[in-house]
Amino acid sequence: MYKPPRIFGIYAEPNGARWILAALPFVILVAGYAVTSEMMHAATPDEKLFPTFGQMANTMWRLATETNKGAGQILLWTDTVASLGRLLCGVYIAAAIGLVLGVNMAMFPGFRATFAPFITFLSIIPPLALISILLIALGVGEVSKVTLIFFGTVFVITRDIYLATLAIPIEQTVKALTLGATQLGVVYRVILPQIIPRLLSAVRLALGSAWLFLIAAEMIAASDGLGYRISLARRLQNMDVIYPYVLWITLLGFMLDTILRRLTSWLYPWYTSDNSKS
Amino acid sequence: MVLDNIDLSVPPRDLTAIVGPSGCGKSTLLRIVLGQDTPLAGEVFVYGDPVMRPDLSRGIVYQNYSLLPHLTVLQNVLAGDRLRHSVFWRTTGEYRAKRDEAMQFLKKAGIAEHAHKYPAQLSGGQSQRVAIVQTLFQRPKIVLMDEPFSALDPSTRENMQLWLLELWREYQLTVFFVTHDLEEACFLGTRLVALSPYYTDDRGDDPRVMRGSKVVMDVPIRHAGRISPPSVKETAAFGEMIEHVRRNAFDPTHRQHVERFELLYQYSWHTLTADESHPKT
Amino acid sequence: MRKILLGCGAALLLLMGASSSYAADRCNIAWSRYVGWEPLGYIQSSGIAAKWGKKYDVKLTFTYLDKYVESLTQYSNGAFEGVSVSNIDVLTGTAAAGTDSTVIAIGDFSNGNDGILVSGPEGVGLKNIVGREANLVVGSVSDYLLARALKLNGYQDNSVTRHQVDDDTIGSVIATAPSGSVFVTWNPMLMTGRNVPGMHLVFDSSKIPGEIIDMVVVNTKVSEPCKKAVAGAWYEALGIMSGADTAAADAIATMAAQSGATVQEFRAQLRTTALFPQPAAAVSFTASPQLRTTMEFVRHFVFDHDLIEGAKSVDAIGIAFPDGTVIGDSTKIKLRFTTTYEQLAAVGQL
């Protein structure tokens, strides 16, 4: 009987080994780090650059459960709430404006002719280059951070919505007109509702870069937030804070993505076309 | 050029079937009638009024994409009424009356149990039933159909054909039905219009002459108001008619001269330009 | 798999090597931008470093790093034998990281180089910052200055909230800050900030003289020749620049140029920096009981502000003084004040 190979070659069928294979890189990373940190600590007990997993767990537990002396708050939650607030606020505004721009650009040639070149121009500006301008113009408060996240994500979302709207068959527009819809009715009551789940997918994609801009902004000016804590920990060389925080950010990103994906299939059961792909 | 000097008149309550080889422009003709495409020259009239953009006067059933994917079956049937009113219309008694009417229609169409499903959850035949209900619910003056049954399997397709004929008789519909399937056209239509690029005229061989498809055949098939049983498809006469149309419109080696087109339908006429047909000496 | 293991092993060896081995004759000191540390750049460019390196047979170099924080990290990580650092950051940045440092020379204390700015109408004072948000580099000397200012004037430490602004950025945001903004920063940002219309200096480090100290430290494990070479080079440079001759003017001009300031600006910054050009003065400052009092303030500030992650008590780190006494955990001495090298310089035995 033919038995396909487990791992090697294009005919491989990992099946049961799939989980083991998936875990392998993680195990190597974790084991490599554990060995390194233990060896470093054997040599220098006070070593702080490669904290052991035990130290990290202790630090994280303290940050997640104990109130901080100076601020009187539980740091991990304060930071998480502050960061998520900024992130979601920026992305929310970007999504709203991206939706309006994208749909109108796709549906109204006059609107497209007016805004498409300008938006293309703006979208080429690397948002991180704007940080200092934003800080000087908008101050070091929340507005500049939210604006950076907005600026960093709005054009990707606009473009995605624009292309998705163009991809809606012309038959839908004609059909709606034969049903007696006005031009505005077609755009805002037939096309727009169909695009909303696409907006959620676009937001999921944009969240990746939104995190980048959030952390960058918080590292420069903030009084709380995950990026702020990392930059402070860097200043104080608290690597046992930095590693768990990075992991926590990864986890938050994953959770946000999952929530948005679930939300899409729950709110828009009719939206199946490219949901299965991602 | 796709279409070349088409003259066509569709009287009320006709079920006009348009056939032709693929790429002959039958869908283009339908889109021009619909207002989705604009002809280089010429006009479309509905009951004597010139029409341009798609509007309520002409309903359309496509092969795909007729239904709005984000609305349920019932909402799709009510889509026209919803779109013509504000979002608050849904709280009125008028809406509830309309909704009951739509449910009745769906029940008659045999798809009432799917009323709260989304289009993506329907089979091909169910989708097209809903699309037809959705279109008829707006009572358009003419119903345009672009290969509505072409994606369905043969048995579903025949069911749909029979159902369409029932609807046509019951509501006295005026239907403009485009299909590439000769059997379907000959079975459904009261009149058959064949478009074809395969013909000859007196314009010569100059490559600058841009020829497009013309109506090469326009014949009555059966009397309006009569419906044939599906068994008619088995008869020899039916088979001969199909062969006849195939030869005149689908065979590139068989080209008729513009003056010899078979235009037997009572409302058909044919205007030939001077260069297309020189007087024979 | 074998390759992966080999790669891991190689990476580990590299890391180990970087953190624990010191080349026998290497004596590399990291420094970063601050008026009191500019002599270190001058030492390198003028050849003083080469001269003292030759005398003690070590490879003496002074390396400039643009980022102060990075210089501390790299020093703790073993990439440098010494670093220029303040008496606050030496606790939070290097001692907390487990690096045992010896103070070679106390260079200066800030005597107006750090200050608190408030924007607002004429007549605003320290009382106006209460309840506000202060923009500063959290955990830095600015944070300490603010804490001391509040305490000296009888305000609660938490009556002002701290808002982190990166030191690269703080200078540019002062210029456009709205009325009511509070900034705590150091020179040269303080100097330019003061000149912004509506900005008022409400407190500066001249009111807590001798508390914000800048110094040159080396890893205690480093060889004696390296320590002596650093001390020798340092006091030679300070001797030159504090003179009244053309050599002094040249040295000052070099330092001003390397810091990006005009000679006038640089001299203005020097006026608010109490340098110890005479090693004897540094000796008496280091040996005085006031230093111990200052370090008590500092370590309490550091502990109260949670600046040492995981520190169970204020005594977590031991600090040794020239008379042999220790505050904090005497088994974990990570900062050693000594007059040894200042004294050698004072008597000319380097």
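Letters A, B and C name the chains as they come in the text, with residue numbers starting at 1 for each one.
Just so it is clear, a residue touches a chain if its C-beta (ideal position, glycine included) is under 8 Å from a C-beta of that chain, and two chains touch if they have at least 3 such contacts.
The structure presented is a predicted model; accordingly, all values stated were derived computationally and were not measured.
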Between A-C and A-B, the pair with more C-beta contacts: A-C
Innermost chain by mean C-alpha position: A
What is the chain whose Cα centre is as far as it gets from that of chain B? C
Nearest whole angstrom, what separates the Cα centre of chain B from the Cα centre of chain C? 86
Roughly how far is chain A from chain B, going centre to centre by Cα mean, in whole Å? 49
Rounded to the nearest Å, the gap between Cα centres of chain A and chain C is 38
Residue numbers in chain A touching two or more further chains are none
In the complex of these two chains, what residues of chain B are touching chain A? 34-36, 53-56, 58-60, 62, 64-66, 68-71, 79-80, 82-84, 118-121, 134-135, 138, 140
In the complex formed with chain C, which residues of chain A make contact? 28, 32, 35-36, 39-40, 43-50, 55, 58-59, 62, 68-70, 72, 132, 135-137, 139-140, 219-223, 228, 231-238, 240-241
Going by the contact rule set out above, which residues of chain C touch chain A in the complex? 4, 8, 11-12, 15-16, 19-20, 69, 72-73, 76-77, 92-94, 96-98, 133, 135, 137-140, 158, 161-166, 168-169, 172-173, 175-178, 181, 304-310, 332, 334
Quick one: in the complex, what on chain A touches chain B? 169-172, 174-182, 185, 189-190, 193-194, 268-272
